[in-house]
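These are the structures, in structure tokens.
Next, two complexes with chain A in common: one pairs it with chain B, the other with chain C.
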Partner chain A sequence: MTTSTPQAASRQTTGAPAKASVWRSIWNHRTDYAYVLPALFAMLVVIGYPVYYTLDLSLFKTPASLQLKDKVFIGLENYSTILSSTSFWKVTLQTLIWTAFSTLIAFLLGLGAALALNREFIGRGILRGLLLVPWVVSAVAASYVWKWLYHSDFGVIGALAVQFGLSDKPINFIDNLQTGLPSLIVVNVWKEFSFAMIMLMAGLQTVPEQLLRAAQVDGASVWQRFWHVTFPHLKGVSMVTILLLTVQNFNSFIIPWIMTGGGPAGATDIWITQVYQLAFGRQRWGAAAAYSVILFVIMMSLGYFYVRSLTSGDRARAVE
Partner chain B sequence: MAEVVLKDVVKTYGNIFAVNHVSLKVADGEFVALVGPSGCGKTTTLNLVAGLIPMSGGDVMIGDRVVTDLDPKDRDIAMVFQNYALYPNKSVYNNLAFPLQMRKLSKSEIDSKVQAAAKVLDITHLLQRKPRELSGGQQQRVALGRALVRDPKVFLMDEPLSNLDAKLRVQMRSEIKRFHQDLNATIIYVTHDQLEAVTMADKMAVMNGGFLQQYDTPANVFAHPVNMFVASFVGSPAMSLIPLTAATKGTDVVLTSAEGWELPLSPVNSQKALKAKSNKVVLGARHSTVRLHKSQVPGSVPGKVYTVEPTGDVTFAQVFVSSAILNISLAPSVVIRPDETVFIEFDQERMHLFDGETEMALAG
Partner chain C sequence: MSSVSMTSRRKPIDWWRMSGRVFLVLLLIFTILPMAWMVITSLKTGFAAMQYPPQWWPTEPTLDNYIRLLDPSQNIGRDFLRYFLNSIFVSVVTTVLAVVIAVPAAYAFSRFHFPGRTFMFFAVLLRNMFPAVIFLVPLFILMRWLGLVNTHGSLILTYLTFGLPLAIWLLKGFYDNIPIQLEQAARIDGATRFQAFFLIVMPLSSPGIIATSIYSFIGAWNEYIYAYTFLNKNDTMTLPVGIQRFFAENATDWPGLMAATFMMSIPVVVLFLVLQKYFVRALTEGAVKH
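== the complex of A and B ==
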């Protein structure tokens, strides 16, 4: 509201000689640009150049020897090969399953934990600390620990299942076409739900007490108070949390790579493990580059729509 | 509508009594203001009536039901909050409809009730808007509307005007008063502003330190404050309190100051002063009951002008009398200057005397 006045004023003064005022505006903000310039330059070097190089490489057939001077230009053949292969679509489906389930379950568990920890009870501080542990633990260490927990011969989980009579022999969790991916999702959820929990705990602090009381007087049950008051207040932080988790999960590598390496028979392969294998396993640099470009396009368009929907609320408010 | 009875209500937090054995009865259709300074327990008392916090002792009755152990939703109350507490993501219409939706009324029933309430409060044209698109006064009206649609037994209002600017507050004050008259509603209204209580309420309950100090009509509280706290809290400017020493002179009593002047009391006031536990007596006087003279007249005492505040039709002066500050209202034509020595004449009929030890009013 308060910002609308100066904006309106500046719009009036710009008016006719628009071009000149653009330069003047840039000149007026010259120190701001100067501050941003070093970072911009660094990004150009460490992001811009690799992106260009990857794009370039994706148009070539490369020798496994890494002698890139022997590469052969093949146009978009790498792309068509990938997009027409069945394995790409299988891996894409697995990536979507991995991302959707990991994100959703981690978010819901985090929400539950945040709501529980938002109430006052004895031992709350200790519990909050404990629930943060998975997020703090190194992903590599956690992956190895979980690998052993799942181990088909020596795993604790399998042993417990046998002991409690749930299974007559130790279960083979991760070397199994059906249970492989779900088992990895469990580990991923365990690793990231604390992040959702922290974000939502912060969000819960912003829910006004008076609104909850008003809803209580209006006759809303605990669940209705959550749905009508608490949840709308968490909308912003929920969107951001889900966005961050989604991006993180699309880009997952450590957990699947360490625990299964994409196996068995590619059942736990996701995009990044696939790219890694193409590049560093089979030395197909050109194909790996093309794969990366495809992922880049998919991710950027997803990100674009997501951020747009995220900011549409803000824009509507700004217009008012 | 229904009457509300608080019986020996107690709320403690650890060893602290937020509400200390408060009993009061709000008659059917009565507008009662709970008034007192911050932390006096007035909002806690309201929340206890609403059932938003558990009681430590005592009982609350609404109508002929004991509601002490009931949830807020089962008490048949409606509440208006200081920050309006409108649901920001819902339209005005849905804010008004919410309590009815929670009670699972039919759509057509909800609609007719919402429209009726909107009409009463003149907010029909705002129904499709979101709360953030409304002004403070409009939001307050929506909050009143949300309380109104339910047709509750009691309205509980927690400082509903304190977020509004001064001009709007005066306007909404009369609107709420009108609201009370038109609906014949039972209202319990919490405010820290004694002026709101005096102007709006049928009765006011003055609280301090968790205790109910006095519960009476505003006129009676104003005219017969039971103790020094009530005397100094109600009325603007506040009643001036001058600590003095009582001495007997024959059958009558004179009040003497540390500076040596004497103020002889009338026989009625002498009787009152004699009831004090010690010779410490506090003289209370409202600004309109004292007269200022430029030169000494019989029965007047000396004072020194501290500040002069012209307000247009009245000029307020603060005068040091003994060690206390005395508020006086003057005609604007009277010209006095700071540090000038003046003489004060008290109205024996309308002066108040308090026991300097117990701080209680001394009665004849």
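== the complex of A and C ==
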């Protein structure tokens, strides 16, 4: 009983903490920290050190000897070089296209599937399981399979297009300036639409049955019921889902890397493939580090919303 | 007249239901066809795969590609089986460590109200905001300094960095849903905090622990970038990197590659389909309010 008292006290006083009571409450809770210490320590080593190291490295350039210990200090030059290069803005535009279309299409397909699966019918569980398989298999496997489907000579998609009279010869999908990026977006959507589906299926379970029935009795159409009853209940989940997809797509690497390596002529290059090439292809570690820092700043502004939407549930609970 | 108004009232409902079904069928085709083509190709000989128009079904289906992968007396089989075991080892160790470290942390984030709790929870979640590439160079240098390059230790340590935040977040969702009164009752009956945790909370959160384990296993099994960067020796390579080295480096052996991707997908897909219920619940528990 005695240990639970300070907890109750701190819960009451969180509204107006005086300086002295902060230290006191840290002291009172000293044993609590032991629980999170292993996790925090692991995080410190694997986040703290890399972040510090990346910031530091971004101020240097690769020496002629290619030895990291001889790196040359050049201040902020890496940053100005990147931000003033046309390739950075081209890749940024491609990343935005990649992220926006992947996220939007995956979300809409997921929403459609969740709504269509939101009633009992025979085989529903199996169907859900099958639709989720692309999300579970590795992106490496998915990339190879789709690369084979898209193959310029023996690809099954090109052959089907010929079969149905859509084209008179096999199509070169990915090694093509126009169709390269859209073809990769299809693969990405295939891989992640069921993530949106699962999140939204769970969200649909929070829609009160009575409200839907009441709306039906009042003569609301299917669309009106969706828009005025179902959709408002899905807002929170949709926010989280879209944010998670967005972050994930900004950070995509495997699909373009394995399928095209960023080519042809950089037409399918996105941020992360570009950074990887800078660091491990061209050995320009400083530039890669500066690139990472720029991406990090962009991502952090997104992260602010991400964390806020993830913890909004917490705050609601705390208010209660 | 009444029959007309009846049909006009019922018709839109049928239309929505119909379009829902059509949509599901199309989506299923979109999902299944690539995987079906992977399996069909894996049953072909190299010659049969390279034909135009393609053989929709192999004229002479063969299991040779699989036999080659699983035959330890041949080079390809020996390497493939080694990659397979490496992947299993790395994934299992990562999973066990992630759960052991995440359980107390998630419990604390859920139950205790120590100062800095929210800040630390943010800090933990923050990891998933960083692109993996940011960590590549520094972690590579850290691993070299620790002498872990080309070892499984480097991968396990790295996988924990993204497995842990997720595990903590998922488990916290489960602990939040276990009524604190249960523990309080046990404490009143004389149990220590530790006993209350082990005897009351742990059993109740076992679905969460199962789900978190599957999640972290699949994550580790499928990981590519770090494995690609940290490992360059045949003995330590995991499957995603290994199969690339094998089949895609020079002239691609498509049927062999498809057989390998199929084999690589089996463990995670089976694990997932068997334990789907927990997996789905864990993913949504944290994000969807009850």
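Remarks
Keep in mind that, in the parts below, the second predicted complex is superposed on the first by the 284 of 320 C-alpha atoms of A that agree within 3 Å, B and C clash if a C-alpha of one lies under 4 Å from a C-alpha of the other, contacts with A are read in each partner's own complex, and residues count from 1 in each chain.
The working rule: a contact is a pair of C-beta atoms (placed from the backbone, for glycine too) under 8 Å apart; a residue touches a chain by one contact, two chains touch by 3 or more.
Computed from a prediction, not measured in an experiment: that's the story for all the values here.
With both structures placed on the common chain, the touch criterion links A:Gly75 to neither chain B nor chain C.
When the two structures are aligned on the shared chain, A:Val156 is found in touch with chain C, with no touch to chain B. Using the contact criterion defined above for the overlaid structures, shared-chain residue A:Leu117 touches chain C, although it does not reach chain B.
When the shared chain is aligned, chain C comes close enough to touch A:Tyr276, but chain B does not.
When the two structures are aligned on the shared chain, A:His228 is found in touch with chain B, with no touch to chain C. Once the two structures are superposed, chain B and chain C can be ranked by residues of chain A touched, with C on top. Shared contact residues of chain A, touching chain B in one structure and chain C in the other: 317. Taken together, the chain A residues at the contact with chain B in this complex read 208, 210-211, 213-220, 224, 228-229, 232, 235, 317, 320. Residue ranges on chain C touching chain A, taken from their complex, read 12-13, 16, 20-21, 23-24, 27-28, 30-32, 34-35, 37-38, 41, 49-54, 101-102, 104-105, 107-109, 112-116, 118, 120-139, 141-142, 157-158, 160-161, 164-165, 168-169, 176, 184, 187-188, 193, 218, 221-222, 224-225, 229, 240, 243-244, 248, 254, 257-258, 261, 264-265, 268-269, 272-273, 276, 280, 283-284, 286-290. Residues 1, 3-4, 7, 10-11, 14, 22, 25-26, 29, 32-36, 38-40, 42-43, 46-47, 49-51, 53-54, 57, 68, 109, 112-113, 115-117, 125, 127-134, 136-142, 144-146, 148-149, 151, 153-154, 156, 159, 162-163, 170, 190, 193-194, 198-199, 201-203, 205-206, 221-222, 236-237, 240-241, 247, 250-251, 253-254, 258, 271-272, 275-276, 279-280, 285, 288-289, 292, 295-296, 299-300, 302-303, 306-307, 310-311, 313-314, 316-317 of chain A are the ones touching chain C in the complex.
For chain B in complex with chain A, the touching residues are 50, 52, 71-73, 77-79, 81-83, 85, 87-90, 98-99, 102-103, 132-133, 146, 150.
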